[in-house]
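Chain nomenclature is as follows: A, B, C and D, assigned in order of appearance, with residue numbering initiated at 1 for each chain independently.
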């Protein structure tokens, strides 16, 4: 993939987060990776979205060396890189402070799967990380945030649950591409919002039975999926 | 009715769901039936609303055979058909994952009639289905969803309560036409939203007394209705 | 005042309710009175707001006889008239099913004065009527609704508390003109919304002390008001 | 700084509050100070935002004498002046009745620091003042409001916590400039909103550990900040 194309995809995904009401001011950032070249394209830090251009997207290698671009990358770059190094299949990462998903992260509660909207996208509760220790915070903080996410997924499949809540912080989402990472961030916010209302209506709500959770996830994903139009073979 | 007209009505109802903020991405679907021809027109699966055209609306017979159209129908078609087969007077069905109605469905709580806004449209609490069994989920899932709705209405009048909450899933609404089905979906979301706030303000709120519930439903519906302008006789 | 002017004011107030997000579809209605002529102008029943014109506004006398206009008046006309007959100083009435004020009406709880925003407009809690009896509902329902409001204000000053919650129904607001009635409906919704959040944050919240409540109401109203620009003398 | 420039900055900050949905009708006001001239520019009282011009911004000295402008200043001027006299580094003040921050003020609860969004801007819980006494309310009310805020900050740093909740009233925010004061008002509302949801999800939520709170505040503020692009030296 041309770097220009990757930059444009990353720009577009960042703007999608704005259009969907997930970001306030300069909050949030999305990145994409070229797995062949092992290059990551990420939003620069603190630039207003309305002025953001594809050329301003910063290019980094997987070790965090800036390869191209005149601006500082998002301060969360080290978190993104840790995810790319550990989750082999992901092509994009999106981080927001969206209202309800962040509230769940602040409450340090995993989002239970209360319905099929959740099950269509996340094959299990959306997990929450452990709090970072004081020494992790004092050390390489953003890297440690990524490490805490990876530890949380030690026995979970990041391709089946493409989102996490960082305790006391906010969500990170991912997907096969940066566009799908941003899409998952939008869905996560909607699911988080409805789960909050669900508890408000009935505090004792039970999670979806596993059979229905599986059914919905698998009708959209995997070999026997039958949702949407058949993918064209080109 | 010409198929072209039915397709345009179905397109318009689907777009109304978008304009009223009831759908996210490709969620939701509305269909309409030509009772004379026994043909159902429904939104295709997974097509973005902004690209949707009347020509893309899929035509099915009541057994689920695709009669016209090049795209796959909504994956919920079998649920719609089951409703058309059992509810003799309905001309349209609308299914959404709207925020608050879905939260009630997830909480598996019927929406009590707390006020006249509810009573104007739904002549009783909005009921919630039983959960599907594991074997129903493993079988013809969408058909079984429709069957669970019909069982729930065994002793209810679908013309007087044109909506249901599918447990752990989301609402289905219906009406004499696809436009009215979509209208009822919009009202249901508003009623669900206010009922949630009502419980938040006062958890012990009592439902409306039956006399007032009847009064409001009947001033808009039935022979002695006096709301709105007199229907013109053409 | 010319009837044409009154009709335009009533149209404008109805449209203000729409612009402020207080009405869904054809819900809600606002009216104004010419005290000299004893004529009331009110929105017709069930006409979409986007098509509403000043000419369609219906003119009634205080006994409910339609004096001018080709359409049926709002079905709530009898409630409005009862308010005009009993509250001598009011020039307009606005009725909505706005989301949070309606939730308080459904919960049958008066809105406590939790803050100065409330105190600036309503000199006391916003009261809630008694439920209507079965025979009142079966009788002249809309008139009885107005009568229940007037009974609730037997020992309250309608000029100092220009709003009420009808139990299990929704709010009615009023003011010196139809524009001010609509303005009060917008403020009531905002106050109702914040009061709901206030209880959600801290269920034991105490109402504002009377001294502060008086201070805020009186700095905007009455002889020593000092909020806003001095009223011009013409 | 030219008075004309200050007026334009104050106008722009007031309009930013409107664009961000923090004000209803004429609620709210923002002011800025020229520390060299000791002149304060503030929104006039009760003028609709859509008609507001830079020329209408009122100029006062620190004692409250109107130095320039034809309109009455905001009725909250005395509160703003008290803040300018006591908080030596602030260049602007913004007061709103924004929905969720006001709900916290009404509940008389400080907003706990539940997450890094809060920590990025406010280095501690957002405090709430004591209620004013009856004699303070009867006296110079707006001045006493300012005095109550200053008392609340006797042992707090207003530069590190640029916001307060006035009990039973609403928030006041400030910053190095009027633009930053308005920016802080927008962030405060967002933080207040998420904190309300956080409690709704999990009433026992613990505040952020101090180490993480410090980390986030200091990565955006102070000598070793590394968020955003390096400030240019001109």
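The working rule: a residue touches a chain if its C-beta (ideal position, glycine included) is under 8 Å from a C-beta of that chain, and two chains touch if they have at least 3 such contacts.
In this text the structure is predicted, and so the values were computed from the model without any measurement.
Student: Quick one: compare the interface residues of subunit A with those of subunit D and tell me same or different, with half as the dividing line.
Tutor: Homomeric contact, different residues on each side for the most part.
Student: Find the geometric centre of each of subunit B and subunit D from their Cα atoms only, then give the gap between the two centres in Å, rounded to an integer.
Tutor: Their C-alpha centroids are separated by 47 Å.
Student: If you average the Cα atoms of subunit A and of subunit B to get two centres, how far apart are those centres in Å?
Tutor: Between these chains, centre-to-centre, one finds 33 Å.
Student: Which subunit D residues touch at least two other chains?
Tutor: Those would be 200.
Student: For this assembly, give the contact graph shape among line, ring, star, complete and other.
Tutor: If you draw each chain as a dot and join those that touch, you get a single closed ring.
Student: Can you list the subunit B residues touching subunit A in their complex?
Tutor: Touching subunit A from subunit B are residues 24-27, 44-47, 71-72, 75, 97, 99-100, 102-109, 131-132, 134, 137-138, 141, 168-170, 196, 199-200.
Student: Taking the touch rule as given, give the residues of subunit B at its contact with subunit C in the complex, in rising order.
Tutor: My answer: residues 114-117, 183, 186-187, 190, 193-195, 197-198, 200-202, 205-206, 208-209, 211-212, 215, 219, 226-230.
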